[in-house]
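We just call them A, B, C, D, E and F in the order they show up, numbering each chain from 1.
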Amino acid sequence: MAIDLHKYANPKRFLAITGAIYPWSVGLTVVLLLVGLYLSLFVAPPDYQQGDTVRIMFVHVPAAWMALMIYTMMAISSAVGLIWKHPVADLTAKASAPIGACFTFLALVTGSLWGQPMWGTFWVWDARLTSMLILLFLYLGYMAIWESFDDPVKAAKAAAILALVGVINIPIIRFSVDWWNTLHQPASVATMDGPKIHSTILIPLLVMGLAYTAFFVMVLIIRVKAEILKRRLRVLQIAELRES
Amino acid sequence: MSFVAQNLACQRADQLIFEDVSFSLSPGEAVWVKGRNGAGKSSLLRICARLLAPLRGQAAWHGEDIFKDYDGYIGDYHYLGHLDALKYALTVRENIDFWAEFHGIPDVASALDQFDLQALSDIPTGMLSQGQKKRTNLARLTASSAKLWILDEPLSALDLHYIALFKERLIRHLAEGGMALFATHQDLELEQVKILDLDDWAS
Amino acid sequence: MSFVAQNLACQRADQLIFEDVSFSLSPGEAVWVKGRNGAGKSSLLRICARLLAPLRGQAAWHGEDIFKDYDGYIGDYHYLGHLDALKYALTVRENIDFWAEFHGIPDVASALDQFDLQALSDIPTGMLSQGQKKRTNLARLTASSAKLWILDEPLSALDLHYIALFKERLIRHLAEGGMALFATHQDLELEQVKILDLDDWAS
Amino acid sequence: MDQVATYFDMGGYGLFIWPCFAVSAFVLLVLYLSSRRRLTIVEKELATLERRRQKQSGRNISSSTEESLS
Amino acid sequence: MNRFLRLIGRDVRLAFRQGSAMTLGLSFFVIVVVLFPLGVGPELAVLARIGPGVLWVAALLACLLTLDRMFQADYEDGSLDLLMTGSLPTEILVLAKVIAHWLTSVLPLIVIAPLLGMSLNLPGDGILALTAALLIGTPTLSLIGAVGAALTMGMRRGGVLLSLLVLPLYIPVLIFGVAAVDASMAQLSATPHLLLLGGASLGALVVGPLAAAAALRLSLS
Amino acid sequence: MNRFLRLIGRDVRLAFRQGSAMTLGLSFFVIVVVLFPLGVGPELAVLARIGPGVLWVAALLACLLTLDRMFQADYEDGSLDLLMTGSLPTEILVLAKVIAHWLTSVLPLIVIAPLLGMSLNLPGDGILALTAALLIGTPTLSLIGAVGAALTMGMRRGGVLLSLLVLPLYIPVLIFGVAAVDASMAQLSATPHLLLLGGASLGALVVGPLAAAAALRLSLS
């Protein structure tokens, strides 16, 4: 009997399922990315107001969507891991955090590169921007917690506590920041929501969004697999130590 | 009233320190944990004080598992570790006072007396010598009503006089139906002591 | 090459701890400072390491007063106190490495060997057991070229094996013409040891 | 030629648009490659360890361990 | 109950005796507010404009700075081992620590805040609203901070991680706190903001001790 | 020389390993600059107006915060006993500590300051002047700080006393530093201010280690 196997519950089925999905995710990512890039760089027309800069939207908005979605997913996984003690859930949360952080970073960078031609500055302390920055901090904190514990079981619990406390706060932050901003500076910031979105823009946007999602699934599978194998390696190493 | 540990195993930072350690304590008994440096004595003591989770195995107090949120163990044991748990800004009396109240024992004076601390009682503990700190730490032990004493190197820094005094106090504790689990490299010959050698496991 | 202390007196926080303490050390000699808890052993050792100013009295190294900005004493002695002076974030090797370089001794490997630290050398010192920390601390001593060792409780937390090892190392140091001034409550029988009992003064 | 240049100029905004795509591509690529690398490293370590254990114990290492782990 | 109060009492006494926690936060608060006019220039209009923000930011920072001692000191000298093996439930222990932190590190700020507000040229209404907002909002800071402090206790990079973890959670308090002062300075009612702050404090009162106790048990073992 | 470098190397490595000093100052700096817009509001004009002041005050505070660890950590674990009984003159020891402090706690701030300046909407000139002023002015902060840190080492109320002692001496640096940035933002020459900052640094280089070494010897016995 190796060390405390119940903590490392059988991830065989998980690996089998993800193994089946993985090739599809790779294929989808490649195809969707190619189509999406073609549509957004060559097909989509320049906006009558924003000119060609509107093309930034095709990498900016999907990144922002992913950033928000991944955090939610991470919190749900953490809750599952904490309540049902399912180790794969913990590992999924752990594996998705760096991906989410990357997307958040991309949303910030592309957004501020967009901001310069649109608003004449790389950064304003706008509600949306600020809450995105805070989201990046939340991701970094979550990742740092994982790194700070030597014992993965402890780290998982600590990280889950943090993710859950953080997720309670995301709507509060969103709400407060939105509200704070409008109090000082009524909607001067150009956001393009509303009915204006034309299908020549909407379709590439959606395709890119799907491409990013497929990419996320692909990388997540790789990372979760790596995490599971790392756990397994640890168990074996400990067992080895005991034998010697 | 008894403490029974069965097949305890301990892992620290990916290293298995010991496994299959079992022992039991009944009223009036003491267990002396022996072993070379790094054998896992302190770790075992911390497990028994619920400050460290064992990798495997059970420990039971009154027959109930202490790791299963068992409240019956609370207050029945007192752990004294390497660290002195003294607030250096507070005096000896203030330090002991707080812990006595915390453990629900209002009799601080006798605790002070037991280790000749009356003369030092108004000195901030930061200004004590190493041995005086240790004595304060030990006095706190007697200012708790714990049945089970878990002592990690209780003799270090004490001079011969106070080692004898401590031994006397320990014997009285055992005679009154108490139990003790301790680790020390120094000599502490007692009558009713069982020896648990962690080196046996390693070799 | 000798250390001579004459009529040292020490006061701490308005209290005279001892006075008229004199002793001398020649190459190959050791002085064992004894005394009850609070007698002032640690204070005396800190005075000899120039970490505390005496109230009265002189101490001389090579015949020159060590308190008069005398540079000749620097680097000739090594003080090992209650505190372990280890950086817990650094590994055993990194800790010893730094001090060896600092003392101008590049031979870390042999220092590690002396106290069986090779196996532990890549573990952060924060993860060591009490005795392992002490061994690291002692290894640092051998990684200095100091003639005079000033050791406050060098044996605490060591197991019997390492006490013997340390004793051996100390005897070799003395045989090589070194000197030692130490305080401990544990047994450390040596041939060429002079005993300095601070209790004599108190009574 | 000129057409290509005007295309890349993007109405004067090329300096902002292309870095956006470049950064996105770069970050995502690095993320993908580093994830892959982590996986291969772990896989390799695991393989060597398992081979060693197999060799050491001759017979199959406690098969229950094997099953519950894989 | 008695030992709950004793524990708070001990921490308060220690803070007085050592001075560290107590005066660290306070002096930091004062320093920030004193340095600002020096850095920004003495124009009264600008100072009054940024005053509420400066005061709230300073309060937040002072709180953040004193947080990491909440459990760390007891952890380092071994007292926490004894406290955790004692008969007080860990949640209550956390609550006692939070109360002690608030009393020693935060309350002094609130006492001195009106004075500093005046020095930054805030009007009377604004100062009143500021004090009320601080009183109602800062318990959240201590409560949420306890979770971070417990999570990072004994960690090598504790201090930084603590800021990183706790800061995002503090931002709503900052925003509503400043909004309350701004509103009352604009002759609007500060009540809705204060209610929001109160709500946050109540929520934190439930979540904080539970999460912090779980984290504490985790960190110690 | 070798052991001088080794000592610096050890401190830098420790800062990396423990993260505490290094990232404490840095994260504090970033936090202050992030919180300010949240407290003060997002108007670009206001932010640009107070930007240089905010950045300098944040740098000063970050420096102040990391100061007390300069000798304290070594004092507490007994390393300072060994360092002081070793063969490095105490003045050189202090210098090594100061350099290590500057490298680990101050330099990272300077590296990231331009980015934060941009986020506060400072113009390019201002950012350049800011970086130059920080580079030239901050060594003074570490050097003067060392004296305070040595004096208060091992004291019960060390942290606060340190701020009180050191802060008045920091104020000239703050004023000239901000003036340099303001000048360059007003299209004037920042050079005279920078020269003054440089002069202060040189003066501190002479006085600092001497005074700190004396204070260190005093505090230890």
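Please note the rule applied: contacts are C-beta pairs under 8 Å (C-beta built on N, C-alpha and C of every residue); 3 or more make two chains touch, one makes a residue touch a chain.
Owing to the predicted nature of the structure, the values given are computational and were not obtained by experimental measurement.
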Chains touching both chain C and chain D, listed by label: none
Number of steps on the shortest touching-chain route linking chain E and chain F: 1
Of A-F and A-D, whichever chain pair has more C-beta contact pairs: A-D
Intercentroid distance (Cα basis), chain F paired with chain C, Å: 37
Chain centre separation in whole Å, for chain E relative to chain C (CA means): 45
Approximate Å spacing (C-alpha centroids) for the pair chain A, chain B: 49
For chain E, residues that touch 2 or more chains besides their own: 17-18, 156-157, 164, 167, 171, 175, 178, 221
Residues of chain B whose C-beta touches two or more other chains: 13, 82, 89
Residues of chain A engaged with two or more neighbouring chains: 177, 180, 237
Residue numbers on chain E that touch chain B, as the complex places them: 2-3, 6-7, 10, 13-14, 17-18, 76-79, 81-88, 220-221
Partner chain D, residues of chain A touching it in the complex: 1-2, 5, 8, 10, 12, 37, 41, 46, 51-53, 55-56, 59-60, 63, 98-99, 102, 105-106, 109-110, 113-114, 116-117, 215, 218-219, 222-223, 225-226, 229-230, 232-233, 235-237, 239-240
Of all residues in chain B, those that touch chain C in their complex: 12-13, 35-38, 42, 82, 127-132, 134-135, 153, 156-163, 185-186
Residue numbers on chain D that touch chain A, as the complex places them: 10-14, 16-17, 19-21, 23-24, 27-28, 31-32, 35-36, 38-39, 42-43, 45-46, 49-50, 53, 62, 64-65, 68-70
Touching residues (chain side chain E, partner chain A) in the complex: 144, 147, 151-152, 155-157, 161, 164-165, 167-169, 171-172, 175-176, 178-179, 182, 200, 203, 207, 211, 214-215, 218-219, 221
